[in-house]
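In what comes next, chain A is part of two complexes: it sits with chain B in the first one and with chain C in the second one.
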Partner chain A sequence: MRTSKSKTSKPRTSKPGTSKQTMGAILAGTMLGAALLAGCQNKNDGASAPSSSDSASGSAAATASAGSAADLPEVELVWYLRGSKPKNADSVIARANEITREKIHATVDYRFVEPGDYDQKMQLIMGAGEPFDLVWTSSWSNNYVANATKGAYLALDDYLDAVPKLKESMPDKIWNGVKVNGSIYGVNNYQILGGPHGMSFRKDIVEKYNIDLDSIKSVKDLTPIFEQVKAGEPDMVMVKYGVPALLPYGESGVPPKVEDFIVDTNTWQVGSYLYADDSMVEGYKLMREWYQKGFFPKNVATAAEADQSLEQAGKLFAQFEVAKPGAEEELALKYGYDVVVKPLTDPLFITKAALTSTLNAVSRTSANPERALMFLELINTDKELYNTLVFGLEGQDYTMTGDNRIEKIPDTYQFDAWELGNQFNAYFNGTQPDSVWEDTKAINDAAEVDPMLDFSADLTPIQNELTQIKAAQKEFYVILKNGLADPEEAMKNFENKLAQSGEEKVRTELQKQIDAWRSTVK
Partner chain B sequence: MDREKRPGSIARFLKDLGGNLPLLLLTLPMAAYVFIFNYLPMGGIIIAFKNYRYDEGILGSKWIGLENFKFFFTSPDMWRITRNTLGYNALFIVLGLVIPVAFALLFFGIRSKTALKIHQTTMFFPHFLSWVVVAYMAYSFLNPQSGLLNVMLEKLGLVPVDWYIKAAPWAAIIPIAYVWKTVGMSTLMYYAALMGVDHEYFEAASLEGANKWQMTTKITLPFLYPLMIILTVLAIGHIFYADFGLFYQLPMNSSMLYATTDVIDTYVIRALRENGNIAMASAADFYKGIVGFALVLLTNAIVRKRSAENALF
Partner chain C sequence: MAVRSKRKIAVGEWVVHAYLAVVSLLFILPLWAVISISISDEVDITKYGFSLIPRNLDFTSYRYIFESPATILNAYKVTIIVSGAALVLYLLVSSMAAYALSRSNFKYGKAISFYLFFTMLFNGGLVPYYILMNQYLHLRNSYLALILPLIGNVWYIFIMRTNFRQIPDAIVESAKIDGAGELQIYYKIILPLSKPVLATVGLLQLLANWNAWFQAMLFIDKSELYPLQYLLQTILRNAQELSRGFENSMVSFTASQPLPTESMRMAMAVIATGPMLLIFPFFQKYFVKGLTVGSVKG
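Moving on, here comes the complex of A and B:
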């Protein structure tokens, strides 16, 4: 029974839930205490960041110590990496820090960030001006060019003279290719540059169904194979997501492009938007067929492409890959089962995107840029440090089976080698042929260089249009490449939106800039 | 509101202050919280008018006028995201008013303490779940592989539906999820307001021969009007703020559903996530804030015209 508590209380002055308010106030008080602390901390960060960057750019390389590391005070560098923290990471990092402490008097705080959070987290860290030293960056995640343009990274040109071994560890065409507006902002993790693209297939399934992989000449030829496997293994997913052409380039090679607008390098005319190009539409139609035949996982509309659960469950037959030398061993390690890799394109030529596909940059907020460079030199030239961070510790994570060859112990430390430095310093893993690095270098040397490599566009006048185009691309590409909707219908909507977003204005502007650039070349 | 200016108002103010000191102290942490987190950062609004660079900072970056607002206003998706944002929020305001008030009135009629607590707690519980969790709960119902709903449809001999590529049903799924998650909290607020209603009103009314319905509409409901108005005015101020968690997580950001799920916030993150243009994102947010502020003033003005005592300020 409800009883009235006081005869005189009037509804307008009544205080419902007074005790709740008190609780709220107490809670708020507690939160405030914590918040104030956090606030102060941020303020300190903000205050210290600009000053450290000022001193860094001011002193430049003149003060970069060429003397022995022993004279240097010990510092801790912070390095942000894209990937989950590996197993046994603590012991491996302890060992890596022993090496770096001895050689350059520095230890590194390795900060692993989940791939899905990486872009956003780095935006926040850089936006807040948080002091850190090194960051992994690329053309496809934590955008290198955009961040460099907006001043997040330190220009390295002056610093590089102090670290000659780093400079010499890779060819000049790489150093030139990573330039943004004429300056170097990142150190490439030297690896395969122009490797052909292809597919990996589960080896046991290929053998079970006696599949002739050599019959595959293009993506189209996969359809009958998938039909055959799907009929025999109804529980299995054929591919995780659609790729309308082998990588969004077409099988004949990569067209040179600027901001995803194809450029004909014979006539220097800016052509169609890549994702709406006729060659892609052909691919979209094929992907629609695949979708209807059930080759994709049922939840392809919402699944994350980086999700590895299908591989872990052993339910995936094929994947799109870079078919570089040694890929089979590397992938077997990653997936936990043997695969056969079949290259399906010619080696691609070296584009800006390829050269900037994996780099490490130095933050403008770094208090010790010289030391950060020394660390980059070490990890790119010191085999022991590099292999420790890639493979872990001998005995714990791998066993030495030859002079330069190891056997991984399953389910132990493992981190993406391509984020960490010069891949040609890696031990041979398992059955990787001795020639793997020579083969890779041969491909790199033979690969043609993108004729657009030196061109960098000023995107300021078309920022709004590009932003809208990007939004349209993000909406429609996932639909089209996974065959979720009728391609003709979806293409019509896509093209409409591109036109409304100012596709033509972007093309005209890019054409203008390319013409201007051409007139300066020769 | 109707306080008159009197001579010696400063002395009076100090006296009031002394008398209310304990209460004022209690509000101090909240006031400081609002000041630090809602007012201090407002200076950062200038970023919306600048070409922001990491190295030049907020103050040092160049002014570029309204350039940052352009991408948003000229977007081909402008109509879709505005329609969805305003449409859903208008619907949420109505649902968030009618349903919790109805439940609060029903609760008010429950005499058993245990029954009341059970109902309240069960309805309140979803409030504590984040949208990410709710999204996966919905996913376990709706997903095309093993979703409960599709399994049930199949058992009934019907064709299963891939909910994540069909836009139309989401016009209903989103409001359902919204109500499910928020109704408990709002009901509690209205119910708490009812706790202060003096029982004598009802005794008097029943002596006069009023029936239950009359008591509800003539006594109980009017007690709720002030709270209903306050919450509605505040909700109208947020009409351009789409609940990001709801619209991004629940549909699992599936492109096929954008016709009914794409709102201003999801569009902004899609367009800007890759290039990370903080200034453009701030411009979009600034615009939402300004429109919301104007709407609050407008709604309040209308309320004041009709019944001054219920107006917010």
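Moving on, here comes the complex of A and C:
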């Protein structure tokens, strides 16, 4: 046996071609297999994608015949939104598409992107030049100014004349405020723009300890109140996280700033970095005192600020809030107990950050920009469409309790109202006072406009430095604002880090740009 | 003398054991902390901070998760399908490739090895990858978008190639004489002889598959197709994201979705890692063997 094996092994070398070919075939087969699989899936994908949207739009087909925009060819718009897909979304979107199909002969593919992935995913989608029509954008996520500067968004100035109702739906100061390098690149989701910052307090505790909230003039005055409550309610957390900014903002107002660098609007000099400014350090010191007195929860260093388990357990006394109209009713709904809201700063002026804090932009890759604008007009002016997308369907997701008032059915469809459009078109929810939108509009109209509003910085030459500064801010601010370390010591490290990050270069560059801007203003 | 030397060894052993005990504690404690937090009362956590022994046992988190288990179960389903399919495909593809490359009479072996090796060092980058998958292969929102990227791991092909080379040529030749074709040799001879390395590679790859979430982030929009790890990732990251911009934005944002509590997040972590912890011991006997078979022996 053994000998025969070794002898007959020779023929192998005599015809090497076959085995080589087979080797190659195996290898090629593996690669081909992958390609084939891909091909198969391609077909599947194509077949399954319409079926899901069909079920959504199929029922609408019957009603779509007689629309004012019926002469336009029907298109599907793609809209990227920041948020998890809500419950009951399919039926709600089907209804929304009925409305849009009838009115502007278009349906919308609502693409919900997880908030945590939104920035990265949108960067990829825009970087890949993928065709889509609408995208939610802001100053704090999926950066509006940066993307507009890069040319990812379409300049809307010329298109806006075709949609007069959209243009009229909000004041001119908003349209001016969202301009980047002189052009409008996004449609603001009109909501509250100013409004003082303050704190909310649990009403029953305030009454129990007979606390005179009117005596609070500064955030400093809270220390003895917290001490008193803490002594009586050892189980309670006084405040969830540090609020150092309330001190300087309360004393001297919010400073005008660009990229968090304070600007003196009398001399137009770029000053210190906001989070390292002396006024802020006073706030940090106060927070250190609070930390040492045990006003914060034990896990303040790691806890997510939006985590609401403390509220749910009824273990929180005070909380940072924007003291806007209707806040007390809204918060009572959110927390499940009554609160009193006390403003601790003057109404803030309207900043670029506020104006660009939530917008919808049209992509440069959109095949139907006119229709996208028509859709934006519709969602900003049509109460039915807007409320459907915010609250869902009557009966399924909410019940009508008044003329313009609804009661939400818990655990049903709900999407962030501030992402979709003009918030003043929303139904009153639960116990929101009837005057809430009027009062909010009054604040908006009365609010002063940031003197820096017309200035938009070109950040490309200082991008690296800004990234590093933001990283340093992220690293130290959580320590400083919650008083986790001695503020003097931490500030020293923070300032060193800022200096290393190129703070000076940023300041010089911003100064140069502000000087150039000032010279054009005069 | 003998007694003394025994004692010396005993002391040495004690040191080693103590050292290993400390090391294993370092590995076990964080895991234990996760479990402990997951069964702690949420209010205790905020009041007293984390502790290794829960002050009050509280299974609300688990109850909450399993109250509407559809999401988690669906994510499990996706993960199991994806890791399973990717594992089988990967073992097939990579062992075939490795076998072909291991044969010394394969003419383009070197060139192809280099080509494969090259992809370990350089790649086209994220955006081209994204464009390829979405715009050319149209794999968005498909199982394949989750599976295909997982079978592109080149490293284990080389490990397997080394392993296959140690199988004597004579065995292959004898099979040939007995009338076996190349595929038959691969399937009937090489694979059975390589069980340890297949099991090792399989386990490592299964772990990687189980934990993979990045391609889901890139290519999946539909929540029905979220794998487990990505589901957890989104839940955790959403909580962080929602808190971002709360304090410093001039306007107020109220989140429309409830946020998971700390203990709920840990409970999710337990649920996600649990199965892997159970699978590992079954593979262990192959695992130790497999680690050594790939290496050169004297």
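In the analysis below, the second predicted complex is superposed on the first by the 359 of 522 C-alpha atoms of A that agree within 3 Å, B and C clash if a C-alpha of one lies under 4 Å from a C-alpha of the other, contacts with A are read in each partner's own complex, and residues count from 1 in each chain.
Heads up, the rule we're going with is that contacts are C-beta pairs under 8 Å (C-beta built on N, C-alpha and C of every residue); 3 or more make two chains touch, one makes a residue touch a chain.
No experiment lies behind these values; they were computed from the predicted model shown.
**Student:** Just chain B (first), just chain C (second), both, or neither: which does A:Gln120 touch?
**Tutor:** Both partners, chain B and chain C.
**Student:** Once chain A of both complexes is superposed, is A:Thr401 in touch with chain B (first), chain C (second), both, or neither?
**Tutor:** neither
**Student:** Taking the superposition on A as described, I'd like to know which of chain B and chain C A:Lys324 touches: first, second, both or neither.
**Tutor:** Second partner only.
**Student:** Which partner, chain B or chain C, touches the larger number of chain A residues?
**Tutor:** Of chain B and chain C, C contacts more residues of chain A.
**Student:** Is A:Leu193 touching anything from chain B or chain C once the two structures are fitted on A? First, second, both or neither.
**Tutor:** After superposition on chain A, A:Leu193 lies in contact with chain C alone.
**Student:** Contacts for A:Lys298 in the overlay, against chain B (first) and chain C (second): which applies, first, second, both or neither?
**Tutor:** A:Lys298: touches chain B and chain C.
**Student:** Just to be sure I read the superposition right, which of the two partners does A:Phe112 touch: chain B = first, chain C = second, or both, or neither?
**Tutor:** After superposition on chain A, A:Phe112 lies in contact with chain C alone.
**Student:** Return first, second, both or neither, reflecting whether A:Trp418 touches chain B, chain C, both chains, or no partner chain.
**Tutor:** So A:Trp418 only meets chain C here.
**Student:** Please work out whether A:Lys470 is in contact with chain B alone, chain C alone, both, or neither, and reply first, second, both or neither.
**Tutor:** first
**Student:** Pick one for A:Ala152: touches chain B only (first), chain C only (second), both, or neither.
**Tutor:** Touch partner of A:Ala152: chain B, not chain C.
**Student:** Touching chain B in one complex and chain C in the other: list those residues of chain A.
**Tutor:** On chain A, the overlap between the chain B and chain C contacts is residues 4, 9, 16, 20, 22, 24, 29, 120, 127, 129, 297-299.
**Student:** Spell out the residues on chain C that touch chain A in their complex, using ranges where they run on.
**Tutor:** Residues 42-43, 45-50, 92-93, 96-97, 99-101, 103, 105-108, 112, 126-127, 130-131, 134-135, 137-144, 148, 151, 170, 173-174, 176-177, 181-183, 186, 217-218, 221-223, 233-234, 236-259, 261-262 of chain C touch chain A in their complex.
**Student:** Note which residues of chain B are touching chain A in the complex, please.
**Tutor:** Of all residues in chain B, those touching chain A are 26-27, 29-30, 32-33, 36-37, 51-57, 67, 70-71, 74-77, 111, 139, 143-145, 162, 164-165, 192-200, 223, 252-256, 258, 267, 270-278, 280.
**Student:** Over in the complex, which chain A residues touch chain C? Could you list them?
**Tutor:** Residues 4-6, 8-9, 12, 16, 19-20, 22-24, 26-27, 29-30, 33-34, 37-38, 41-42, 44-46, 49, 83-86, 111-118, 120-121, 124, 127-130, 139-141, 191-195, 235, 237, 241, 243, 245, 297-299, 303-310, 313, 315, 320-322, 324, 327, 330, 334, 348, 350-351, 353-354, 357-358, 414-418.
**Student:** Can you name the residues of chain A that touch chain B in the complex?
**Tutor:** 1-4, 7, 9-11, 14-17, 20-22, 24-25, 28-29, 31-32, 35-36, 39, 50, 53, 119-120, 123, 126-127, 129, 143, 146-147, 150-152, 297-299, 301-302, 364, 460, 463-468, 470-472, 474-476, 478-479, 484-485, 496-497, 500-502
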